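Heads up, the next two complexes both have subunit A, just with different partners, subunit B and then subunit C.
Entry: the complex of A and B
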């Protein structure tokens, strides 16, 4: 099982890093959004501590949408989706492999975008950066799960790239609320782990619930 | 079919009676709010609290709509009968209508009680998220042309959408606990509670009736299209 997941994930990563088309546009998109935010807010905005975490999550959400939309559509367009389905890989390992692939892309974007954001907005970080990054990663895991699952639903739709945010964001709202809130507490108020425990717990529960339901329903999404 | 129609007619009569009773009680029989329950909320609530009876019962219908979508989606994935898909999509459409009414009446209530049409209390936030889930469900449906794929994929989204109900509520509670701006609500006397139950009952019947109408209309449409394509083939 773990072998199969790694096969799917490494295949996608190898294809991606040959052309680097998706990851390049994701990173550039994240950067340009951050720059535009800092233009819009003006130099050294006084209220950045409050709104910063929300803006950062907006960047991640939009960047994620850009990448996730390609997950299954790419396979479909290249005609490799049929091959993936008739291969002896279980459908579950396809989903998890794709999620790991998306997670890797998001992680690369975040490692680059998070420091850039802090620098460009002149953010005065009060809490621990490690904890903040842990919260970002935890939120990303949930976002990647729901995004990968929803991208499997849009392969037959007409307006795929436009449809994905419309169906993913409402389901991601609870997660984003918890992620933004905890990130704000750590970055702006300097809270420790025990003060964001409720949000971490909620994100963890969200991840568990969404993973279970994704695993139960993914079979139906790819059958034809 | 004929028997079904007779039941539907009876249902409609019962619906009118129940909703009229409920509205009469809510608007005329119930007195103004007592001064001690007005302590925490604005003065316009003395009479204006009656909007509650036209707001909160819609929430019950929205939750029912989500539950119907969940059950119909699971049943569709199990036995692939198109009627489950019709039930789910009809329920989503009605849910969207009731959710819109809930949002509008909810913000009137909020304005009367706290002086702002929108104050992000957990109920309002959750209702807004549910509105977007239903809208997303319907736009997913409209973007897929193939009947079978539309039914299957939207059924999966319907199951996820149901999870959004508790999750969005819990997250909204966590969120608003950070900024406790307003003391919440007011308590109803026993008669008020009874009126609420009556109106909830009336709206649930209304939902069931409209769902039945929607599903049978869609069934007729399917039948018509089948006959039309058959006639074309024979030509």
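Entry: the complex of A and C
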């Protein structure tokens, strides 16, 4: 099972880094949005501590949509998804493999976008950057699980790219609220792990529940 | 024929999409080493049948047994024992021929020690060893179909399913393809070919089944059918049975 997941994820990464079509779009979108935000807010805005984490998650949400939309759609358009379905791979391995692929792309974007955001907005970081990044990663795991599952659900829809944010965002709202609140606490208020434990716990439970739901429903989602 | 000589057994197979019946109580058997052709016009249900046999979709009714494994009980075992070549190659354009075969070899569970040997054998079988490190996007349609056979053969399946594999191929590529699958059949593999090219089925297959509106309307050896209807060409027989949708 783990071997199958890694085979799917490494194949997707190999295909992506050969064409770089999705990662280039994601990185460019994130960079441009952050630069626009920084110019729009002006130099060292006094309220950046409060609104910054929300803006950052907004960038991650829309960047994620660019990547997730291609997860299964690309395979479907190229006709390779049929090949995966008739292979001995379990559908669960395909879903988790795709989620790992999406997570890797998001992580690359976040590694580049997070420091750029802090620098461009002149953010006065009061807490631990490591903890802040851990919270971003935790939120990303939940977001990737939802996004990967939803991208499978829309695979047979005609307006799939349009449909994805419409069905993903409402589901991601509780997660994003927890992720944004905890990030604000750490970055703006200098809170430690114990002060964001409730949000961490909530995100962890959200990840577990969404993983179980995705695993139970993925077979039906991709069935013709 | 005894059960152990049977590669594929389809019993009472039905597939419904709401009120539409795509496959209607189909029964047939494919024996070891046989080259069986499934003929039928567009919309006859050939691709649906192939999708069910290759465990990509579930039937509404019926039992399919491949190499002794029932699809609904052991889909994984069934998938491991078949290879599917479609008009769609299932290949990743961004990857090289070698990388594609490496991926499919891994998902079919070929041990890493033997993988390179399997890939080289498959590439040589389809005469593409000289293009092994070229991206599939640089291949012609005919080369992609040959590589698709290599992909389907990488794990040495007992049953090779060919779903309209020559659609869109030029005459030269078709002939190369025909020679290749004849060789594969001679080496002992059972072949199940679906096509709407009558000549293709007539020249390649030992036995044919004609499907029309989801039902089997004619079944038999090519030579027997011709003997049975001496005043009709094979094309006339095909047109007659598919027009009426009933057995002659």
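Here is the rule we go by: the second predicted complex is superposed on the first by the 224 of 224 C-alpha atoms of A that agree within 3 Å, B and C clash if a C-alpha of one lies under 4 Å from a C-alpha of the other, contacts with A are read in each partner's own complex, and residues count from 1 in each chain.
Here is the rule we go by: contacts are C-beta pairs under 8 Å (C-beta built on N, C-alpha and C of every residue); 3 or more make two chains touch, one makes a residue touch a chain.
Just so we're clear, the structure is a prediction, and the values are computed from it rather than from any experiment.
Peer 1: Subunit A residues in contact: does subunit B have more, or subunit C?
Peer 2: B
Peer 1: Which partner does A:156 contact after superposing on A: first (subunit B), second (subunit C), both, neither?
Peer 2: first
Peer 1: Pick one for A:82: touches subunit B only (first), subunit C only (second), both, or neither.
Peer 2: In the superposition, A:82 contacts subunit C only.
Peer 1: Pick one for A:110: touches subunit B only (first), subunit C only (second), both, or neither.
Peer 2: neither
Peer 1: Do any residues of subunit A touch both subunit B and subunit C, and if so, which are they?
Peer 2: Comparing the two interfaces on subunit A, one with subunit B and one with subunit C, the shared residues are 223-224.
Peer 1: Per the contact definition, I'd like the list of subunit B residues that touch subunit A in the complex.
Peer 2: Residue list for subunit B touching subunit A: 77, 129, 132-133, 135-137, 139-140, 143-146, 149-150, 152-153, 155-157, 159-161, 163-164, 167-168, 170-172, 174-175, 178.
Peer 1: Please name which positions on subunit A make contact with subunit B in the complex.
Peer 2: 146, 149-150, 153-154, 156-159, 163, 166-167, 169-171, 173-175, 177-178, 181, 198-199, 202, 206, 209-210, 213, 217, 220-221, 223-224
Peer 1: Where on subunit C is subunit A touching in the complex?
Peer 2: Touching subunit A from subunit C are residues 51, 54-58, 76, 79-80, 84, 86, 88-95, 99, 103-104, 106-109, 135.
Peer 1: Residue numbers of subunit A touching subunit C in their complex, please.
Peer 2: Residue list for subunit A touching subunit C: 4, 7-8, 11, 14-15, 18-19, 78-80, 82-83, 85-90, 223-224.
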